[in-house]
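One chain, chain A, appears in both complexes that follow, with chain B as partner in the first and chain C in the second.
Here is the complex of A and B:
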């Protein structure tokens, strides 16, 4: 019961503090720009002699770029909006009035986590759905497996969220944010290195990329999402965040799920054990 | 323990049900840490504590405990009514009861004119009032108040005093931590003094006059031997020509002291017992400011 109350209050907090609305407004701006871009590109194609097959591939690539931007926005928004919720309330003492209520501390943490999961779900749903819809109605293209892709992007957000919560039980807001964004940076770099290793067939470089993905599997999840959604041609683009040179396996997605559960478990354990 | 520093040690407290208990000590004495341990916010490295018959920190027993933290802060985007509803629901109070109780509590703490304002627009004193209300929303049996009058003006302090007494009259126990000794003195039934995490002494404030008394004496022919001889009954005795100020731990010793003075040849013109204020008692118990 306590966890659901905390989830509700966390979601309401986002709405009242205008975090969610601001993020959605920024997202609407993105969708507007993306839609205009697609519209103009489609118009230019109509007035040109570019073959329909190539048109389709270019618009598909644009759609993937749009979805990649949504992915980045969603992960960063999830991290930034949630980074203060545990660390900040411990520092300010706000947590004292809550942690003395008749509920175990795990309910506080899981409740807040659920609130942010719901927020990330709304954000990803609207932004991802909006981008897919624009690609379909304006550009006339559809991602291969949009539901799988959307769920994987959502999973990536939840992984980042759980890591943010874990560090939030140890460190201050600023430190937690810096560490989490640093890990996301490592994952981003690791993803590119792994792609490059596929191009040059360098096993040592691939190992660096894999280790990076094991340290923080967020980018690997995105690359799997891209693989699920992309058209064959845009997937064959080399050195891009959605090329299919090196495709994370289903085992890596399983690893990301376990990683998320462990991060959340550590967060719960440390939050229960620490002094407030 | 906080690193190498021992925050609380050998702290033994017994608080009777239905009393207002004052918890006193200088800064850094371990008061807030002790309260945190009793509420389960901090874990002791050793020892045990029982609150309302259950181990300290027991989740279920918290249903019967209210807490106003020092420098109360909460989600500033809430209105006071929303704040109370949230805390009430977390304590398991039904919506029907909250619908009755919340407006009454808001009125009790004087926030009715601000009922639709968000907490972010509240002054420190108004936040304290809201915090006090949240500590009482579930009608707890035991209420911990950590510096409840912090940031309040004199009228606000009187309101807090009245509320605390009303809670005691309702049958609740109030555990009060405050630096404002005059507030403690007129509110509490019993006080305990702690320093460096240890209990130094405790006082039943209703029986205080029977325990610690300061006496102002005006007399002639006060010999040094007479002043020294007062040590048998007095904690301290300071003479300045015809003025003598002495403190004794019990009012019952006063006749003996007077007999001794007269028997020593002093001509006593005035012998006036003074009630020792809590501040004087605090200073006499804690000693000089040690810069905590």
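Here is the complex of A and C:
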């Protein structure tokens, strides 16, 4: 019960601090630019003799790039908006006002986590839904399995959130942010290196990508989402940067879930044990 | 002091764990197990061997049409036979190995390099949902593929062929290498290989199709993907036996095509507009044997060369 109260407070506080609104405003800006781009591309295609299915592939590739941008925005927004919640409140001493309430510490942490999970869900839902709707109504293309893709992007945000919380119980706001963004950078680079391994079918390069996805599974979760959403022709004929070169398996998604649970477990444990 | 002790302990535990993991990796069984575990984190494509049908593919070649079509049908490709190519000392030994009457270009006086291409047999499991999505994307949403098609097998059997190469030609490569070369390596120019001519000859591939699968339609999509207009792709498949096209590297940057006569038989002459790669490809079928003549020089030589076949 305490955790749910805390979740509600966290959500309302984020709205009061305008964090949620500024993130949504940035998202609206993205949707506006993406929609204008799609509109112009579609108009140019109407005046050209490009075959319909090639047109479809190009617009599909644009949609995938749009969704990838949403993914990156969502993960970074989740990290940036949540990084101050534990670490900042410990540093400023605000946590004393909350921790003295008749509420176990784990409820405080889980409550805050749930609040941010809800925010990430709203953000991903709106941005993802908006991008897919624009792709459909302006470009006439549809992602293959948008629900699966959206849920995987949401999972990616929750993984990033849990890692941010874990480091937040140890380090200051700045340090936690730097470490989490650094890990996201490792995952990003590893994912692209793995994708590049398709050019030379290099198993060692692919292995670098796999190992970096063990360190931080965020990019691997996106790659799976891209595989689920991408047009089969585009994926199999390697039209787009997200083509089917090295696709994370169900086991990788399972690993990401376990990773998230462990990160959250460590955060709860350490928050309970540490001196505030 | 009290806070430092657990941190030190944790550091020692991590260090010990790193040593244990590093040490255990020196045991082959453990290393193999770790490798398998890591590989399980990625989807395994059922493609045991990469059947490369275009051993003489130039540095600017597209994948073969067969590769494009099978990739459209499914990821589940089982290679049942994948013979290695063998060099042949002369035309007599090439005939013996290939099992058909091998011809050479009489108009070329330089010694050719002859290779007998191995036989290949693959089975592709049809993914109906994927095919349906591709048909929709290709502008044919009305094309309803029967449910019975899902999981059905397409069999492609390519008999032994003979590849004859004259002059200085770019080395063999594969599709991945092409992209890597385009990024990092020096680009071969058309003039560099202007005396290069390649002749491929071999019987039609044997293709077993489940009912309801229009593979020539997929070949048309493959050709459009390679840069042909829908009209060009359709015309091309009307003038050339589509089975014969399966073993061809898909021509791209097509400038023009025309129907010509080679020793009294209809042939299709494709002129390519690419800065690099071959300048033309001449394709025809005679007495059950498919021929393709690819050259880096002027396409006006193509018919004369083909007429000199003996």
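We adopt the following convention: the second predicted complex is superposed on the first by the 268 of 276 C-alpha atoms of A that agree within 3 Å, B and C clash if a C-alpha of one lies under 4 Å from a C-alpha of the other, contacts with A are read in each partner's own complex, and residues count from 1 in each chain.
To be clear about the criterion, contacts are C-beta pairs under 8 Å (C-beta built on N, C-alpha and C of every residue); 3 or more make two chains touch, one makes a residue touch a chain.
Keep in mind that this is a model prediction, so the values were computed, not measured.
Asker: Applying the touch criterion given at the start, work out whether A:272 contacts chain B, chain C, both or neither, answering first, second, both or neither.
Answerer: It touches nothing on chain B or chain C.
Asker: Could you look at A:5 and tell me whether it touches chain B, chain C, both or neither (first, second, both, neither)?
Answerer: first
Asker: With the two structures laid over each other on chain A, which partner does A:17 touch: chain B (first), chain C (second), both, or neither?
Answerer: first
Asker: In the superposed arrangement, does chain B or chain C reach more residues of chain A?
Answerer: With both complexes superposed on chain A, more residues of chain A are touched by C.
Asker: So, does A:249 touch the first partner chain B, the second partner chain C, both, or neither?
Answerer: After superposition on chain A, A:249 lies in contact with chain C alone.
Asker: Kindly classify A:39 by the partners it touches after superposition: chain B alone (first), chain C alone (second), both, or neither?
Answerer: Neither partner.
Asker: Could you say whether A:104 touches chain B, chain C, both of them, or neither, answering first, second, both or neither?
Answerer: Once the two structures are laid over each other on A, A:104 reaches chain B alone.
Asker: Determine, under the contact definition given at the top, whether A:52 touches first (chain B), second (chain C), both, or neither.
Answerer: A:52 contacts chain C only, not chain B.
Asker: Pick one for A:96: touches chain B only (first), chain C only (second), both, or neither.
Answerer: first
Asker: Quick one: which bits of chain B touch chain A in the complex? Just the residue numbers, please.
Answerer: 36, 39-43, 59-63, 65, 67, 69-75, 77, 86-87, 89-92, 131, 134
Asker: Using the touch definition up top, name the residues of chain A that touch chain C in the complex.
Answerer: 49, 51-54, 56-57, 60, 144, 198-201, 206-207, 210-211, 213-214, 220, 227, 231-233, 236-237, 244, 246-249, 251-252, 255
Asker: In their complex, what parts of chain A are in touch with chain B?
Answerer: 1-2, 5, 9, 13, 16-17, 92-94, 96-104, 273, 275-276
Asker: Can you tell me which positions in chain C touch chain A when the two form their complex?
Answerer: Chain C residues touching chain A: 38-45, 68, 71-72, 75, 127, 130, 133-134, 137-139, 176-177, 179-180, 183, 221, 224-225, 229-230.
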